[in-house]
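In what comes next, subunit A is part of two complexes: it sits with subunit B in the first one and with subunit C in the second one.
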Partner chain A sequence: MAHEEVKGCIILKDLYYAVQDNTWVKVEGDDVVTVGMTDIAQSLAGPILHAKTKAPGTARKKGRPIATVESGKWVGPVKSPVTGEIIEVNEALAGDAQLINRSPYKDGWVVKMKASNLEAELAEMTTGDAAVEAYRQKIEQDGIECTHLEGSDTY
Partner chain B sequence: MEDFEGKKILVIQTHGVETPTRTYSPLFYAMAAAAMEIETMVWFTMNGTNQLKKGEAEKVQLDPTSNVTLKTMLEMAMDSDVQLRVCQQSLELWDMTQDDLIDGVEIMGATSIIELSLTYDHVMYF
Partner chain C sequence: MKIRCIEAGTVSGIRSQAIYHGLAYARTPATPDTVVLVTPGSPYMCIGYFQDAGQEIDLAWCRDHQLPVIRRETGGGAVYIDDGQLFVQWIFDPRSLPVRVDQRFQLFIEPLVETYKFFGIEAYYHPINDVHVAGRKIVGTGAGTIGEAQVVTGNFLFDFDFDTMLQAVNLPSQAFRQAVQDNLNKYLTTMTRELERLPAREEIAAVYRQKCAATLGVELQSGDFTDAEWQAIEEQEARLSKEEWLIKVQKQRPDHKLFKIHLGVWIGQVSKPYDGGQIGALVTLNEGLITGLELSWEGLERPYTLAEITTLMIGHLAEKEELIDLLMPVTGADDSLAWAACINQVYELQKLQTGNVTRLARRN
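And now, the complex of A and B:
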């Protein structure tokens, strides 16, 4: 999968990103998307202790929480990058929240959603080289350096 | 996770910069509540008030290897939509005025906080 690395932070080019909220969207087709936290988000949070997702069937407007995540030093929401309904949650996170740290773009996905305004909302996100550039600026501006737990995905 | 939308929590913080280990947790709980879409207010009174004086919270750093200070925690709480309020009477205790307060903190009197506490779903005292 095409990717770039900036200060240790992995950015996959085929995902869509809500850069400010540090979330990603993978378009699965038929208005279904997978949503997760970025490598930058997991680095900033540090080793995650708990991740609690909203239940399937929950309707979310863009920007509302789809989950709460807590580490030893941070607690906050994972904000939905799209408007729609949660149709599936990553049950594995309940037993091993550090999946988000080790595999933010694969096994550590957070929810799948059926989006109701996908085309317009994807247009507001960034993807490809534009996403890499947006994160490069953010990483440099905020002095971010990504760190990875043992056993993290490699690219 | 249950849906707590519409619920309200009031966190009362009475500890200040002289007891650093008692300053982070109330803000952390407040941020957790805000992340759960619970309307959250932190009410600073007694010694709690002194952490809101400009220049004070920056000096409190629990983990010397981290760049997170009490000021960072206060800013993160405000970024999470946690409302910060300070007791008017306790400002006088610390010889502070509105000009001494960090940005984003509002002053309220004792009767207002009593009124508010009766309308909140839960009050946490520290």
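And now, the complex of A and C:
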């Protein structure tokens, strides 16, 4: 999979990113998307101990939480990058939340959603080289360096 | 931009929690970063956002003793809170704080440490989010994104009611309770323990404000809640008081119990079926070393005693291979594997809870 690594942070070029909220979107077709936390998000949070997703059937506006995670006494939301309905959640996270740390773009996906305004919302995200450049700026501006748990995906 | 500092005096226990929730939810782009200093005037038990109240707390005991139980929107574990502490709350714009969670805690902790030092307590930052004095924890912290705000909380601990805390938490056995009591006494400290003369809360608040301003490089200006914030605090007080909020998280009951004294010290209990019987271990770990161990067995007869093998393991790292090597000459291969697996499970559970911090490694 085409990717770039900036200060240890992996950015996959074929995903769409809501850079501000550090979430990614993979377009599956028929307005269905898979959503997850970026490698940068998992690094900033540190090892994740708990993850609880909203239930399937929950309608979310863009920017509203689709899940809540806890790492090292910090609790925070995963914000939805699209408007739509949650149609599937990653059940594996309930038993092993560190999947998000070890495999943020694969096994650690968070929810699948049926988006209701996908074209317009994808246009507000970045992808490809533009995403790499946006994250490069963010990484340098915030002094971010990604860290990974043992057993993390390799690229 | 200046930071608003609100010294909120003494309020009820539930209000001491509702304040930072309310300020966070009421936050607008025009709201200044805010530091709140408040004394919880009435005692309560407080659990972390992801905790199952029924599993962590003896709810019946708390009800019988009129001890409220409150679930907060920040992380961490169950803790007893009363007027023995001065509660410190930061409700900040996310852009005012470091982006990394561990660095956020470190920044928050710096003025706490400096204030303790000012009063003669040799406190220091203990990563990721503790403050220690000679290996004993003196500050508990929590953090979270609440609404559009970043919240970090901590405390100045004057005194701590160990007995009530021990009664209020759910623990699986008297032996486990005793181990918790021993280790709380050993690894927690308070200003009362550290100082001959306790400073007044006003003195601490004044020094803390100076240290906070020095850390953040911004003046702290005394302020008060706005009308909208008061309303939000009252709404949050009502929400946090609801039974349905308290029991919102319900988890499957695990086959083990793990209790954190502080980030390095854990007590765990595991039992496993083995060879037609049952073996069990109550383990105290300090930075992975076995410092306390009580073994049990049922339905087994062996040519060695539990006391013999317990002695072998105390002081050793709870790694499976190391334990097998120690036990093998006394117990034989199969038993050494079984005991090592039982004890090592506590270690693995603890590592998972501390986020495998020791395993963090950069790629490359």
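We take it that the second predicted complex is superposed on the first by the 154 of 155 C-alpha atoms of A that agree within 3 Å, B and C clash if a C-alpha of one lies under 4 Å from a C-alpha of the other, contacts with A are read in each partner's own complex, and residues count from 1 in each chain.
Everything below uses one rule, namely that a contact is a pair of C-beta atoms (placed from the backbone, for glycine too) under 8 Å apart; a residue touches a chain by one contact, two chains touch by 3 or more.
Worth saying up front: this structure is predicted, and the values here are computed from it rather than measured.
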Specify the outcome, clash or fit, for subunit B and subunit C once both structures are aligned onto subunit A.
clash
Once chain A of both complexes is superposed, is A:Q98 in touch with subunit B (first), subunit C (second), both, or neither?
second
Per the contact definition in the header, classify A:L44: touching subunit B only (first), subunit C only (second), both, or neither.
second
May I ask you to decide whether A:E150 touches subunit B, subunit C, both, or neither, giving the answer as first, second, both or neither?
second
Which holds for A:D142: it touches subunit B only (first), subunit C only (second), both, or neither?
second
If we overlay the two complexes on their shared chain A, which of subunit B and subunit C does A:R64 touch? Say first, second, both or neither.
first
Any idea whether subunit B or subunit C touches more of subunit A?
C
Examine A:K54 and indicate which partner it touches, taking first as subunit B and second as subunit C; both and neither are also allowed.
first
Where on subunit A do the contacts with subunit B and the contacts with subunit C coincide?
52, 68, 70, 73-77
Provide the residue numbers of subunit A that touch subunit C in the complex, in ascending order.
5, 8, 43-50, 52, 68, 70-77, 98, 142, 144-150, 152, 154
Under the definition above, what is the set of subunit A residues touching subunit B in their complex?
52-55, 58, 64-65, 67-70, 73-77
Looking at the complex, which residues from subunit C come into contact with subunit A?
48-50, 73-76, 99-102, 104-105, 128-129, 141-145, 249, 352-357, 359-364
Subunit A partner contacts - residues on subunit B that touch it in the complex:
1, 3, 28, 31-32, 34-37, 63, 66, 68, 76, 80
